[in-house]
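Can you keep this structure in mind? I'll have questions shortly.
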């Protein structure tokens, strides 16, 4: 974990509200794991005051990629950065996805809603490299929410898409597509990242189907490295419910440990 | 070479910059970013006798130039701290200060007493000013009498130096400071956070799970500075100023107003190496201004 | 069409947005920018019996998301106001509220009494909370007893509706609010500015000629909102909320927390047409949210 | 006086820290007088919170010019605006220079230090048009502080320059150059704008020489249009000393009315 104040922004691609940044940061790239994240300074002033947490979307050699959606002032400022500029980032942070060797030769579901796709590219790549068979479920309201579907496929990943309005792929929620597919397939594990209602629904499905898995959770973060206790979510662990830090104990948690709906508000 | 050290009487610091309680974890969180021995010292997160769950999330909300938190002093308790953390800290050549909390007055003395049986603690900071643990944000530091009683009890229980941390949510900060001084505190730190609130107009709900929280950051610096100025004219014990310090210039303002040392809080979140950068900035400033001892700056305001 | 009007009982406003005292001049300064009759109303600058020189400059300093002022109530006095200004205002179809000041308790009653002999004033706002006129920033609104006495005296002297303006520089804002209510105030406005300070490290001097001043602007909004929320649960009289309001969303936060109307202060400096833009923003928000009466929003916070 | 939120920035010229902006704003241009100023929004955020007062440097047809020096965060942000962008400005504000008809055919000194040159171009132009003979005294620490000297001359104005370091023109303070010239010339009036110490010295000279004149004063401004009482300076008028508003009663005041050193601090 280190601060890189001169991480060079190499490339900016964008589709409407969605942005894909390629950033050169050799040291952070060397330490990174799928599911980890960065804290990014978005402003030189006090508005907004805090850094923004953004997942590692992919890592190749000395380069990091991040994929984000403009959600408010901070991500809007971030989206205005231009190639050649330096970014002030630190990371990699948090506990990423577990990559069990038992997934070898098994099918694994990776479910992402909208910007929740962010951490799954890196994850799916690592899974494949480890001999597992990842399938990415990529859901959005409409086709415009799925800007990365072509690339994911082009990089050799199996991708199933869904849109609420049916403009692309399966018509309906991505959770319905997962349920649909579970009728035929028996994955060994499910990873997911996305809005809380999507995750809660997936948690139900996994419980019913006795499917193990992990979710990457979001939370408003003060520091990103365990110093503030601001990012906690209620987690059931060792028979006890307690507030654990999303930035340090997470952002990835085993599905069955997450307590709903305590964690919903906000 | 500028001498950055400051002498609080009961404690000599290599420089006036301390990490502030609740924003500096148990100290260890900052080890990946720099050598903790470069600091004047740091104040670890508030401790009760027992582990504490803290408040319902969301616990943070950003406001213009500020941050409202309602952590509610989640923590591992004094026992686990002394067992698991303190041994890792006590070897460090920097001042380790422990922030002491209590549900009621007696608990402060008991936490202090427990800590006093361990090595490596330079001083205790009495957190009688957290707005996030009692109904309506109330705290002992809102009353000179409760302040006097709490400080006195802890004083009688331990011989460790005491720093009493004051709340800005008061009519007359000098009255509380005088009460703490009379009860025998070795130093006063100020300010803790200002009781605050934010609402999401879409959901019509408070943005914090605990409804109200404490405001910190640059937004509150002008209020903190005013209080340090007022208290410096009222008491004789040394002051540790804090509230919105983000730069070396901010530190100089607090020192000129009368602080002997300072704490850096929210800035640590924005830049994990904020304290280090501030110390370097102070060194440069002192050099550029031909100062030999930074401590000369304390109380040098011309009014 | 949304109904933006709010009824304070003693006064019906066409919308909940008032210009705040000291930031709205004598009203006329805003005439070049928009039609003053579009406002719910405005509160003119604080008046004493006599003209007043105000404090030594510099009188303003910017801070992160805030502004500290130490104007010190420079003004023309109540006589000149009634002679030269009021006739120009009293024809306007909008609520004209006059901010009433006093060196001591009696003066408030005398200013109020003088004003009550003139036409065109909808209500008086008692400014018992200015931090810029007495030694050390003290003011009557820092004590429930002084608040009670001052309100009571004015109440006995005039029959005009009274709005009592509270200070945030207190330990318990509800105690002061209850005292004002008991003394018969028709409404309560809150908050005035927070006592604050800034120092120029280069000159080692305070940045304000008067050393301390009052902090306003977005920086203080979270504190103001919290106080409105607390007072709304303690008193029955209607509240007028202010402190850092810059947008329609800010107004909605204050209304949800319990304010029936609001005042816009510092924002008028940044955008002379701020009040107008906020009123339009409220209209749009109400339309988008299917509200018929904006006044429904008051107190609608879900906690 | 009106708000123009779409005043188009037509041209940006710069010399080190000094910037000359040409802005299209027909309505404000129509009402403008020399010595008046604009309030300019420099930031979309709360940092800095307030607008910045900047004098009218020149007005031609529908266009305004401003000339400013980067002094801090606000002017730095302003300096980063690019041609084609809209500026959010309001004005014209304040009481400008008085242009007495008695100055016809008479010599008039216009003294500016550094950025204090700003309001003098417009003034000198009007003076000339009214038949007076303006002489601009343009002083700075070094030649780099006098970026406009060539243009002023090119526009047909008489310009005398001074630099503290002697890198250009008279070596010494601009006030010394004025004193020097007063030995030969007898101007009818003196206008000036610049740092307080320069103005105070000029006030001394004028008192001694019984030379009437006006200064344009600076002050930190809350509103710029008389609503806050934040910008006052101590002025002696009608036999009384009182705090008058720089934004409304000024920024231009008769020299003999200004009270020193009350107005120095800050």
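Which chain is which? They are A, B, C and D, in the order written, and residues in each are numbered from 1.
Heads up, the rule we're going with is that a contact is a pair of C-beta atoms (placed from the backbone, for glycine too) under 8 Å apart; a residue touches a chain by one contact, two chains touch by 3 or more.
Computed from a prediction, not measured in an experiment: that's the story for all the values here.
Engineer: Could you find the two chains linked by the most C-beta contact pairs?
Structural biologist: Comparing chain pairs, contacts are most numerous for B-C.
Engineer: Report, in whole Å, the distance between the mean C-alpha point of chain A and the mean C-alpha point of chain C.
Structural biologist: Their C-alpha centroids are separated by 47 Å.
Engineer: How big is the gap, in whole Å, between where the Cα atoms of chain A centre and where those of chain B centre?
Structural biologist: A distance of 36 Å separates the two centres.
Engineer: CA centre of chain A versus CA centre of chain D: separation in Å?
Structural biologist: Chain A and chain D have C-alpha centres separated by 56 Å.
Engineer: What whole-number Å value describes the gap between the mean CA coordinates of chain B and chain C?
Structural biologist: 34
Engineer: For chain A, write out the residues touching at least two other chains, lowest number first.
Structural biologist: Within chain A, the residues that touch at least two other chains are 46-47.
Engineer: For chain B, give me the residues that contact two or more of the other chains.
Structural biologist: 64-66, 205, 217-219 - these are the residues of chain B that touch more than one other chain.
Engineer: So what shape is it, when you link every pair of chains that touch: line, ring, star, complete or other?
Structural biologist: Contact map by chain: complete.
Engineer: Spell out the part of chain C that touches chain A in their complex, as residue ranges.
Structural biologist: Per the stated touch rule, the residues are 64-65.
Engineer: Within the complex, which stretch of chain A touches chain B?
Structural biologist: Its residues touching chain B are 1-3, 41, 46-51, 90, 219-234, 242-243, 262-263, 265-266.
Engineer: Please output the residues of chain D touching chain B within their complex, sorted ascending.
Structural biologist: Against chain B, chain D makes touches at 46-47.
Engineer: So in the complex, which bits of chain B are touching chain A?
Structural biologist: So the residues of chain B in touch with chain A come to 22-25, 29-30, 32-33, 45, 53-54, 56-62, 64-67, 69, 71, 74-75, 205, 207, 209, 217-219, 266, 268-273.
Engineer: Can you list the residues on chain C that touch chain B in the complex?
Structural biologist: My answer: residues 63-66, 68, 136-137, 142-143, 169-172, 194-199, 201, 203-206, 211-212, 215, 217-223, 225-226, 229-230, 244, 249, 252-253, 256-257, 285, 300-303.
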